[in-house]
Structures are given as structure tokens and as C-alpha cells.
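Pasting the structures in now, so scroll down.
Each of the next two complexes has chain A plus one other chain: chain B in the first, chain C in the second.
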Partner chain A sequence: MMTLSPFVLVSLSILIIAFTLILVPLFARHQKILIYVSFPLMAISSAIAVIAGIWSVAVGIPESTILSIGLPDLPFHLRLDPLSGFFLTVIGLLSFFVSIYSTGYCKGYAGKRSVTHLVIFYSLFIAGMFLVVLSDDAFFFLISWELMAIASYFLVMFEDELIENRRAAFLYLVVAHIGAIAILLSFGVLAGATGLEGFSGYTFDAMRQTEFPLKWATVAFLLAFFGFSAKAGVIPLHVWLPEAHPAAPSNVSALMSGVMLKTAIYGIIRVTFDLIKVFPLWWGAMVLVLGLITAIMGILYAIMQNDIKRMLAYSSVENIGVILIGIGLAIIFTSFHIPVLAALSLTAVFYHSINHAMFKGLLFMGAGALLHATHKKNMDEMGGLIHYMPWTSTLFLIGSISISALPPFNGFISEWLIFQAFLLSPSLNSPLLNLLIPMGAALLALTAALVAACFVKGFGIAFLGHWRGLHNPPLHRGGLEVNWPMRIGMLLPALMCLILGILPTMVIEWMDKISDELVGGKIATTAGAFGWLWLTPVAHERASYSGAIVLLWIIVVVMLVYILLHSRKTAIHRVPLWDCGFEKITPRMQYNANSFSMPIRRIFGFLFNIREQVRLSNATLHPSFPNRLYYRLRIRDRFWGWIYKPISESSYWISRKFGRLQQGYIHVYLIYSFITIIILLVFAR
Partner chain B sequence: MSINLAAQINSIMAALILLTAFGLLVQRRMYGLLHLFAWQGLFLSVSTAIVGYVSGAHHLYISSILTLALKVVLIPYILHFLIRQLHIHKEVEQLVNVPTTMLIGIALVIFSYYLTAPIRELSTLVTRSTLAVALATVMLGLLMMITRRHAVTQIIGFLALENGLFFAATSATYGMPLVVELGVALDILIAAFIFGIFFFQIRTTFDSLDVEQMTKLKEED
Partner chain C sequence: MIELYPFLIEAIQILIVLLFAPLFVGWIRMLKCWFQGRTSAGLFQPYRDIVKLFHKDVILAENASWLFRFTPYLVFGVTVLAGGIIPILSLSLPFATVADVIAIVALFAIVRFFTALAGMDIGTAFGGMGSSREMMIGSLAEPAMLMAIFTVSLISQTTSLSNMADMLIHKEFILRPSMAFALLAFVLISLAETGRIPVDNPATHLELTMIHEAMILEYSGRHLALIEWAGMIKLFLFTTIGIASFFPWGISTLPSNAAIGGLGNLISISAGIIFLILKLGFLGIGLILIETGLAKMRIFRVPEFLGGAFLLSTLGMLSYFILE
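Our next item is the complex of A and B:
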């Protein structure tokens, strides 16, 4: 009899996924039953993985095993340590919520298209993510990584009749594989540097025990960072995100954005802090600068988008940037041998990872609910939905508040922790950093403000005002509200946002072992010095925060205002909207998405490739009184023109040149091989 | 028969094989080519038998008989049949004129001697001097494939190349294990059949056996 342990639980969870996959062919003819069987099973499996993850972080003792399957002499190594346990928790939590949500969401496809593929690749995708964090050798890691990439490729391709979806999926596949090659090369360099024969150098254990020379460590780090950045969407490798996320079904985009990007963060942390363990200062500075660029550019692009899922995708780029800032700071502090501050930065990284998984998952599910109800992606065709979808709008609002880093929700905690790390760095003795870090803190503050602007736009345009579409909203039974599984799937992450926001001390205490293991520092003793209520990451005289008290104040103030307004019947009057004396006011006259982002577009216009056209038509009476006005605005990512176009054009040019080799004459081909043989013989002599 | 005498005879056979290889390069008539190829096979078979006698490796006698059966009788017969069926016994065109081809061939022979010089010094086998000839035969076969434009002549060039490889195997190492040789012999036979089928296919597709026609298969620019 096996004793129950985190590892046994996670194995059970993967077995349930395998069982789900076996069930799929049985129910392929009964799509509704397939949905009702497979997604709840996936939810159970994810819930078990969450328990395993929480447990393994709490215990803090790594468990590992070797599976003798796969190629001969190349067994699979698996390991569950606190770091992988933490990411297992994150992945499991969101896939638990999304699986509940999917039960309702996929009913929208029933009768229209077969969801069998969706179920299969959804299960494989989640299994791939679990296995990525569990694998303990380069070989198995890459297999899991590819499983995850391929499964998500097919999920992006789900609605494959649209050419833009196929293009988006292809772009994603290309970027993912360029990244995978870099990761493979990085592991190759590390394995070579261990000096072990054969494949034994490919286990992470062997790499952990090796002291890498700086030269090879740098090569491996740069390759791994490049490879994982392609997956995480670090600028300028972010181009696939805004294409793939709108193309994928919303439950899949929630998972891809919420947790798949986190596997790349896991990879960076695993390779840097666990395998290489060398921390030159400039690595940290590089990661920090890239993180800052990613954060600020990501959110600026997000504000410019009118497609709600595209906006969320760019916002994920921004959040990855924030996480990278934390990683960069952690590397810098470790290179200065200040483990406590490194632990503070890493804690912020972990906290932001789980936060982003929760609120971005919630927001993508909300976007999916909008899509499910209105069949539209463009915010300018929505509006006033708060009246038709009270649940969705409240939950989307919670997600927006969380992502805008406003208390009492969770986003505030992690960004506040990163700011604490920034504010403590003047103690460092390096002129470059003393220049860089205040600038970084200022940019991060600007980013946070822009995020708030972005989500005011997202929520305001989609849910407030009047319906903006040309036709009336497709109402049924008086509303547009989505079904219960979808509501529960969104309600739970919203609750998590609140819990993570008011109980940070407990969460930090729970995950403190990870940073202790990676950088040798702890912050829980100081962070929780004043009980669960007060979070004091460094010292209580420097900074302290209590989410619960903020929440209490908010509740008290809201209740007071409510009582004041509603105690007298006459306090609220409902009157017609003031129309400035212009009587024919229509919903088309509302503030829309483009007008909301115009000020920011004017200020930061040089960063985008903008083409704005205004054309008057039928100026019958006078140019000042046109019948119609055409306005067209096109905003493009500059990185296409700067980086991707030159690469694709030059590779096309080179392949055309190589095409000349192919003449179509057999003799010419024979001459090629003949000359090759002669040359080889001359050299071999 | 002393070993020295056997080595002498083997050298003569090598010379004759090289001579027929040159003959294949310059011969314009289809039937002439076929006869030269059959002669080359015969010399190869005799040489294999002699090496088998000298080395005492008696399985080489089987190889020799197989060579005789396949390369002297069966394959020339198949090709003969094909030529008659496809009416292609007219003169063969060449891409490069004959004197130039000959000069390139001579250069290749010298190159082969230059290449195998270190091996000749190291080897202790009596047949070591013929290795250069074998290599030259391989290269001449390849040269023939390059300079001829007719599909059938290219096949003969390929088979001559294979003869050279076989000769190299016997002269450099006293032959490969019997199993390998049986396999190779069978492969050649099957290849001959496949070529025959392909000739018919190529002709029905292009109305010709001129491989220049295959440029049509090239991807459009």
C-alpha cells in the first residue's frame, strides 16, 4: 500500500487526465454528454493537482522518481519540489476554474461544430503543463514542453475555417519552435558543461551539482532566456500573443494567457536559480530592462486595442514584463549577496504569477462570456451590458480592479512588493543601478497607471453607456446573462482575487520555502511579524499594509453612503438624460473605444505605426455640413516592420537564391554529388 | 598456380576492367555499350574467382558465379530486351564530346592512384595494386552518368559504378561476407527490373527517354 503523498496525488491527477482521454472516443457521438463528462473530470484532476501542489510547498521536501519508459537508457526523471509545487498549484487552480467554466462555455458549440478535438487537446494541454513543471531532466522537459505547445497550437486552430485563425496558429507554432530550439541548445550547453558521459548530463540533478564556468553559464542563460521569452511573450517576441489569443476559444485563451505563460516564467526561474546558480550583475540588469520595456510597451499597445481579447493579450505581455522586473531585481540582489531582498523580489514574482493567473483567467473568461452572449469581439459594438449581464459585469469589474492593482484585491499586493524591492535598492553600490532603478520604479508606476486607464476603457466601453452596435442586442428572456457553470467558473477566481488580496501574510508564509531554497533568504519572519492582519515585508516602520482593514473601510464607507442616500425617499431623482439641448441624441454619439484612447495615442503616438484617415462625402450644401463622415484608424505594432519583416524577407531572398541550385537536370545533380565526393576524398586523404 | 602468377592475372583483369570502363565512356552505340558492359562483368567474375583462389576464401567462388549469371547474362539480356522493345538502338548522344570525356577520365584515374597511394603502402594483400583501378572504375561510372543524356545509358553507367564498388570490395578486403554479397546481387537484379518498369513509364510520360525532358518537373519560378 502506497502512502499518500503529494507525488502520489499528482500522479493520480495525471492518470485521471489519461482516463478522460480514453473516454473521449466513447462519447464522440454524444457531444453534450462528452462535455458534461470530460470537463468535470478535468476539474477533478486539476483540483487534485492543486492539493498536491499546496501540500508539497507546505512540506517543502522534494520527492522524485524515475520512470523507465521512453527510449532505452533514457528514463524519465520526475521531481516535485516546492518550486514545481507552487507552479502546479497555479496551473491547477486556473485549470480547475476554467474546466468548470468550459462545461458551460462549450455548450455554445454544441450543434454547430464537433468539440471532440477541443476536449482532446484541452486535456493534453493541461497534462503537458503539469508535466513541464514535474519533469526533472532536459529530455522529458522538452517532450512535455512540446506536448503543451502542439496541443495549444491545435486549440488555437480550433475554428480553422477562418484564415486569420490559421495564420495566427502558424505564427504561434513558428515562434514556439524557435523558442524550443533555443531551450534545447541551452540544455545541450549545460549538459556538456557537466562533463558527464552520454545522457546522464541531461538530468537536472547533474546540472544542479555542477559549478558552471561563467562563459558556458552565460551562453546557456542567454539561450534559455531567449527560448522562454518567446513563450512568455517578452517584447519583441510578443507578436504571436495578440494574434493567437483572439483566435483561440476563450476558455483556452484564459489558460494560455493565465498559466501557459507562467510555465515560461517557471522555466526561467528553474534554469537561472536552480540549475545555473551563477548571477552576474548584467544578467539582472538585462532582464530588468527587458521587463520594463515589455511592461510599458505591452500596456500602451493594450490601450490602443478595441478587440477585447486582443487588449487582454497585450495586457498579458505587460504582466509578463512586471514579473520579469521582479526576476531581474532578484538576480541583481543575489549578485550583491543580499538574500533577503532577493527573496522579497522572488516572492513578488511568485505572488504576481498566481495573481495574474487568477485575474487574467477571470478577465478572459469574462471576455468569453461577452463573446458567448453577443458574438462580438469588438468593444465598440457592445455597451450597456451591465444591465443585461449583471453577474458577468460585476465579476469583470473585480478582475479589472485586481489587474489595475487597486486594494483590497490581489494585484495591489504583488506590485506593492515589487515597489518595496525597488525602494530598498538605493543601498546597492553600483552607479549604473542607482541610475537604472529609480527610472525603473518610475516606469513601473507609469505602467500601473496605464493599466488602470486600459481597464477603465475595457470595462467602461463594454459594460457602461448604451448599446453601441448597429442592431439591437441579441436578448433572450430579458437578458444576456451566461449559464451557471460559466458564472461559477468566473466567481471562484474572483473570490481567489479577494482572498489573495486580504490574506497575503498567510500566502507568503506558505510559499516562503521556495525563495529560501532558491536564493537562501526568507521574508516570512518579518512579513508576518504582526500576525496575519498586517503585511510588513521588510520592517514595520518602513511599510505595512492590511488588506482586511482596507476592505473593512471600503465596506463601511459604501454602507454609510448607501444609508445616507436611501434613508430619505427624495434623495435620488430619476430624470431624463441631459442632452445639452440637442434633442436627437443617439447611442452612436457616446464616447467610444477610440475616443477613450485618443489622448494616450497623441502622447505616445511615435511608438506606434498609426494611419488615421478622415474623409467627407456628399458635401452637398457646404463642406461644414457633410452627409457622412468616414473615419478610419489603423494601429500596427512597429515591431513587425522593425524586426519580423526584414527577417522574413531576407530568408525568402536566401531561399530563392538556393532555389537556383535546383536546375531540373539530372546531370547537374549528379555533378553536385560527384564534386562533393571528389572534394571529400581530397580532404580525407 | 603460384600466388605471384595469380596476382599478375588479377592485374591484367584490372587493366581490362579499366579498359572496358573507358570503352563505355566513348561507345556511341547502344548494343556496343551492352556488350562492353557484359565483358566488364566477365572480367570482374574471373578476377573474383582468382582472388577467391589466392585468399582461400571459397565463398568468393559463389560471388563469382553470381556475377557471371547476373552481370554477364541476365542484366544484359534484360537491357537487350528493353532496347528492342523501346526501339532505342540508335546512336547515343553525349553532352560533352568524346576527347574531353577521355581527358577527364584519365585525370580521374591519376587522381585515384594519388588517393590510394597511402593505402597501397599500408596494405599487405596481393591485390592491393588494383584498388586504384577499382576506385577509377567507380568514378568513370559516375562520369558516364553525368555525360550521357539517355536514361538507358545512365543505367549502364550506374551498373558499371556498382561493378567498380564490387571490385573495390574484393581487391581491398578479399570480399565482403557472403550474406552481404548475396544481398547486393539481389538488389542489383531488382534494380534492373525497376529500371525496366521506369523506362516504360518515363517514355509514356515524356514520349522520350532523354532525361533532359525531366526539366519539366522543376518547380516554376
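Our next item is the complex of A and C:
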């Protein structure tokens, strides 16, 4: 009889995924039954994983096991400690919501295309993410990592009739594998530096117990950081992200943006704080600078987008940047031996990870609902949807408020914690950092404000105003609303956004074991005279915030004012739109996505490669009397031209040169073999 | 047992915020009329305007959604909440711990977020124009504002506005370069955030230049009254944030519990009110000197103006880290 423990639960959850995979071929002919069986099973499996994760973080004792499968002499090591438990919770929570949502979303494909391989790779994808955080040796980690990467590659390829989807998937595959090679090399360096015989250095336990010399630690850290950055979409390794995330079906994009990126964050934290445990100052400074660049550039790119899913994908780049800022600060403070501040930064990192999973998952599901209802991704063809999709619009609004870091929702908490970490930082004994920390705070503040602009644009253009599309939407109100599983799948993360926003003390108390284990410090959640309602990270005189009271106050005052004003009857007259007497006002005269972002484009345009053209139609007789104008706007990523194009062009050039070896005659190849043998005989005696 | 006395002070402060805000706007308008050689409508004209609007019917566009009708209430509620947190009369308000200065800036961000959305809800070109411009200005002004306040909070080692003011009152006064930068930046930002000349003109409906008025162009009746009133409170609150973080002397510092005794507290609160009126009177004059001395800027000069403020505030923080 096995006693129930978090580890047993998580094994059960993975077994359920395996069971789902076995069921898939049986139902392949009955697509609807397949959807109704597999996705609820995935939801159950994820829910069990969440319980296991929450439990293991709460207990705080690592559990590990060795599976003697895999290669001979290389058994798989698995371990569930608070850090992996936390990320297991994050992944499980979002995949639980997304699985509920998928039950409704995938019905849209029924009768159009087979979802069998969507279900297979969806299950493998989630299993891969669970196993990544559970694995405790380099070998099994890389296998799980590849399982996750390959499964998501096939998911991006799901609608493979479109050339841009195939291109996006290929780009994703290439970047993911360059990253994986770097991670493999990094583990190789670490395993070699443990100094153990044979393959026994490949377990994380062996690495944990080794004190690495700075030289090898640096090599390993840089390789691992490069590899994980490629997965997380850190600028300049981000170019695949805005291509691949929008190409995937929306439920998958939600998972990719919401939690797959977090596995890379997990990797960075695991390797830096748990395995290497050396903290030179400049690593932290490098991570901080890269985080700042990623955050600010990510959100600026997001504002320029008109495709709602691309906008969300770039916004994920920004959020990864914010998380990296926290990690960078944590490394800096650890290197100065200030564990309390390091713990504060890491808590902000964890909080932002779970927050981003919730609101970005919600927003991608909302974008999926828009796609499901209107079959459009370009927000310039939407508009006025608040009347046609009351549920989706409200939930999308909650997501937008949360991501814009407005109280009392959750995004504000993590941003607040990072600002606190910046402000609490004393004058450090390094001129570079004394310059970097204020600049960092400034750029983070700028980023936070631009996020709000970006999501006012996203919500305002898609949901408010008049319908901008060419064909009329259905006339009755609520006519485009999505089905119930999709609504519930979005409602639950929206509730989580609120709960994480008003009960931060409980969440932080739950997870402060992780920072305690990693950097040897925790933050005082309920310091001083205040109760659990107030979040007081260091001391109550320094800073305090209570989301619950803010929410309560807003509700009370809004209701009070509403009742006071409605005690006396003043009528509401519904009238047609005031058109300034022009009488020919059309929906095309509204502000659209391009015009909304124009002021910001004008300020920050120098960072982009922008080409703007206005052309008169050919039928115009005289420029003074134009009868039609054409406007073209093209915004390109400068990094594409700076980094990727030279690399791809030179690799094509090299392969063309090597292509000359290929003559197509058998005797030429025999000569090659002959020469090779001669050379080997000469040099390798 | 919960003491009622602190909550009484809190209630008095909220009442003062609600009532003084229109009065402050009336004072500014009166000064402006005098400076421009016109006859003013009197100190109490803003009250009359609000009351008039409350009595009018609401004219709502056909396609206005719930968001459009909800926004005025939210904007008003959030602004009043901020008014309960900022130390205006006393440093020991029960609400002061609810939100620190970062949260107060975020509360104003809620106001901006929803006003901008409401501007886009009707789907007229004016609304979208206002929202787009407002978000541009906000996205530059908000970080500059945070940086200016951060400089003060680094000096006082806290982000709670009450404790910041407390530190300033009790520490010996030193002229710090970082504070000077922060103050200058704060003045520039306040002009932008409250929609005053040279960034925006509250008294105009000229399409080329209007920002805030463009967003709320479709509002009428009680909705407009709430938004206007909230706008007045916002101006008042920005002034008081400036007072609390740069010139806090005069705000009552007594701990508000019954042990001190009612009379002493009452005197210090009344003194606080008198100080407040004096400071507001002078700041109003300063504001009018700026407003009459400058012309409204072109909209695309505003980023330079705000970028300057952002640079100044970052310089302030840098000089703290490097010099102090």
C-alpha cells in the first residue's frame, strides 16, 4: 500500500495522460466523442497535478525517485521539490483551464478537419512540461525538453495548409534546437566539472553537491542562459515567438505563451540558483540589462501590432523581460549577500510567473474566442464586439486590466514587488550598479505604462466602437457569444487574477519556502501591526498595500454614488450618434489600430524599421482632387535584419559551396572515399 | 475595540477633498480671469456647474455599452479613494496603509485606462483621438511621475506617502540636488497629468489640440458631472501629493488616537486645514503664472516636454545613488 503523497499524485496525473493517449486511436473515427473524452481527462490530470504541486510546496520536503528505464546505466531521476512543485502548479492550473476551454474550442474544427493529432500532441505537450519540471538529471531533462519542443512544433503546424504557419513552425524548430544544443552543452560542462567517473555526474544531485570553479560555472551559465533564453523569447532571440504563437490554435497559444515560456524561466532558476550556486555580479547585471531591453522592446512591438494574437505574443516577450529583471536583481542581491532583497526579487519573479500564466492564458483564450466567432485575427476588422460577446468582452477586459498592472488585480502585485526591490536596494558598492538600478526602475516604469496603452488599444479596437468589418455582424445582441466550456475556461483564470490580486499574503506565505531554499531568505508578508489583508514585504513602515480594501472601497463607493444619483429620476435618452451635421458618418471614420498607435509610433519609431507610404489612386485627375488614397504601413523587426538575415544568408552560402561536392557521379564519390581513407591512414595511425 | 476617532478624521478629510476640489478650481479660474483682465464668475461657479449637470437628463448614444455608463462611477470612486489615502490633514489616517505611492499612481492609471476605453466606446473619431493621445501622454507621464516620487521615497526609505511626509518633517532640512530634480519633474508632470496648459487646455474644444475633453465629449448629465468632479479632485490631489512629498510642513503629525485627547488633535487638524488653504492659494497663483505665461504646445511637442520631465526625474534618482 502506497501512502498518498504529492509525488504519487503527480505520477497519477502523468498516468492519466498516458491513458488518454491510449484512448485516442479508439475514438479517432468519432471526433466529437474524442473531444469530449480526451480534454476532460486532460483537465482531470492537470487538476491532480495542481493539487500535487500546491501540496509539495506547502510541505516543502523534496521527494525523489529513480526509474530504471532509459539507457542502461543511465536511469531517469525524478524529483519534486518546492521549486518544481511551484512550476507544476502554474503549468497545471493553466492547462486545467485550457483543457476545459479546448472542449468547446475544438468543436469548431469538428467536420472541418481531424483533431486527432491535435489531441495527441496536446497531451504530449502537457506531459512534456510536467516532466521538465520533475526531471532531476540532465539526460531526462533534455528528453522531456525535446518532447515538449517537438509536440509544440506539431501543434504550431496544425493548420499546415498556410505557408506562414509552416514557415513559423520551421523557424520555431530551428531556434528551439539551437537552444537545446546550448542547454545540452551547458549540462555537459557541469557534468564534466563534477569530476565524477563515467556518467554519474549527469544527475542534478551530483551537480548540486559540487562547488564549481568560476571559469566553468561561467561557461555553463552562459550556455544555459542562451539556451533557455531562446525558449523564453528573450530579445534578440525572440523572432520565432510572434510567428509561432499566433500560428498555433488559440488553446495551444495560450499554453505556449502562458506556461511553456515559464519552463525556460524554471530552467534558468534551477541552473543558476540550485545547480551552479555561484553569483558573480556581472551575471546579474547582464540578466538585468537583457530583461530591461526585452521588456521595453517587447511592449513597443506589441503596441505596433494589428493582429491580436501577435500583439499578445509580443506582450509575452515583454513579460518574460519583467521576469528576467527580477531574476537579475535576485542574482545581484545574492552576490552582495542581501538575502532578504534576493528573496523579495525571487518572490516577485514567482508571482509574476503565475500571474502571467493566468492573464496571458485568459487573453489568448479570449483571442481564440474572437477567432472562433469572427474568423478574424486582425483587430481592424472587428469592433463593437462588446455588444455581441458580453461574456468574452468582460473577461478579456479583466485580462487587460490585470496585465496592465492596475489594482486590485494580480498584475499589480508582482510589479509592485519588483518596484519595491528596486527601491529597497541600498547604495551598492559598484558604480555600474548604482547607474543601472535607477535606469532599470525608470525603464520598468515606462514599460508598465506602455502596457496599459497597448491593452487600451487591443480592447478598445476589438470590442468597442462600431463593427469595422466588411460584412455586417449578426443583428441581435449577444449573437456571437462562444459556448459554455469556452466561457468557463476563461472565467476561471479571470477569477484567479482577482484572487491573486486580493490575497497576495496567503500566496506568498505558501511559496516563501522556495526562496528560503534557493537564496536563504524570505520576505516578511505580515510584518508589524497589520493582518493578512495587508501586503508588507519588508516592514510596515516601508510599504504596504491591500488589494482587498481597494476592491471593497471601489465597490462600495460605486454603489453608493449609483444609488444616490438614482434616487431622483433623471431620464436617459438614447439618441443617434452626433455626427456634427455631416450625416455621412461611417464606421471607417473611427480610429483604428494604426491610428491609435500613431503617436507612440512617432515617438519610438526610430527603434523600428518603418516604411509608410501614401499613394493616390491612378484614376485621380489632379493631386488637388484625390478620389482615393492608398495607405501602406510596414513595420519590421530590426533584429531580423541585423542578426537573423546575415546568419541565414551565410548558412545558405556555405551550403551552396558545400553543394559543389555533390557531383552525382558514383566514381567521384569513390574518389572521395579513397582520399578520406588515405588521409586517415596518414594521420590516424 | 476599533477606535472611531481616526475614522472621523478620515471622514473629514474625504469631505474636504470632495468640497475643496471645486473650490480650488474656482480659485484658479478666478485668478486666471483676473490675470487676463476679465471679470470672473466667482469662486463658487464650479459648484453651480456640477449641480446643474446633476439635474440634467442623460443623452446617451445608441451604441453606448455598459462600459460607457459604468466608467463615470468608477472614475469617481477611484479618485475619492486616492483622496482618502493621501495625507492631506493628518499623517496617521487609517486608510494610509491601504496603498502606498506606487498604488496611488496605479489608481490614477485606472482612471486613465477606463476614461480612454469610454472614449473609444461610442466609435466617433474624436473619442478615439482623445484616447490615443491620452494614452501617449500617460505612458510618458506615469513613469516620470513614479521616478520623481521614487527619488523622494529613496531619501525617506519608504514608499508610503504618509511616512515619506513624516520623514521630511522630522529630518533636518538639507537641500538635496535629487529633490530639486524630482520637484521640477513633478511640476511638469502634474501639468500634463491634470490636463493644464501647455499640454492640454481644459477650457477648449478645439479638435486639433484637445485631449481630455475629446475623450469625454459624448458624456452628459450626471455622468459628465461625475467625470468633471473627479477631474477637479484629481487636480486637487496632484497638488496635495506634491505638498505631501515636497512641502509637508503643517500637516498634523499627531498619532490619531483618543489618548492624545480630542482638543489637541482638533487644534492640529484645524491648523492643518489652514496650512492647506494657504498652500493651495499660493500653488494656485503659481499654476496661473505658468498657464498665462505659456501657450498651448503642439501635440507632438508634448513628448519632448514629457521626455524632459522623465529625464529630469531619472537624473534626480541617479544623483541620489551617485552623490548621496
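Convention: the second predicted complex is superposed on the first by the 632 of 685 C-alpha atoms of A that agree within 3 Å, B and C clash if a C-alpha of one lies under 4 Å from a C-alpha of the other, contacts with A are read in each partner's own complex, and residues count from 1 in each chain.
Basically, a contact is a pair of C-beta atoms (placed from the backbone, for glycine too) under 8 Å apart; a residue touches a chain by one contact, two chains touch by 3 or more.
Keep in mind it's a predicted model, so treat the numbers as computed, not measured.
By the document's definition of touching, neither partner reaches A:293: not chain B, not chain C. Using the contact criterion defined above for the overlaid structures, shared-chain residue A:590 touches chain C, although it does not reach chain B. Residue contacts after overlaying the shared chain place A:222 against neither chain B nor chain C.
When the two complexes are overlaid on their common chain A, residue A:181 makes contact with neither chain B nor chain C. With both structures placed on the common chain, the touch criterion links A:401 to chain C but leaves chain B unconnected. Chain A is touched at more residues by one of its partners, and among chain B and chain C that partner is C.
In the superposition on chain A, A:659 makes contact with chain B only, while chain C stays out of contact range.
Once the two complexes are overlaid on the shared chain, A:578 sits against chain C while remaining clear of chain B. The touching residues of chain C, counted against chain A in their complex, run 54-63, 65-67, 70, 73-74, 76-78, 80-81, 84, 95, 97-100, 102-103, 106-107, 109-110, 112-113, 116-117, 120-125, 127-129, 131-133, 135-136, 138-143, 146-147, 150, 153-154, 157-160, 163, 218, 221-222, 226, 299-300, 303, 307, 310, 313-314, 317-318, 320-322, 324. Here chain A touches chain B in the complex through residues 659, 662-667, 670-671, 673-674, 677-678, 681, 685, going by the rule given at the top. Taken in their complex, chain A has these residues touching chain C: 383-384, 386-387, 397, 401, 404-407, 412, 416, 419-420, 422-423, 427, 431, 434-435, 437-439, 441-442, 445-446, 448-450, 452-453, 456-457, 459-461, 464-466, 530, 534, 540-546, 549-550, 553-554, 557-558, 561-562, 565, 570-578, 585, 587, 589-591, 595-600, 602-603.
Only residues 95, 111, 114-115, 118, 139, 142-143, 145-147, 149, 154, 211-212, 214-219, 221 of chain B touch chain A when the two sit together in their complex.
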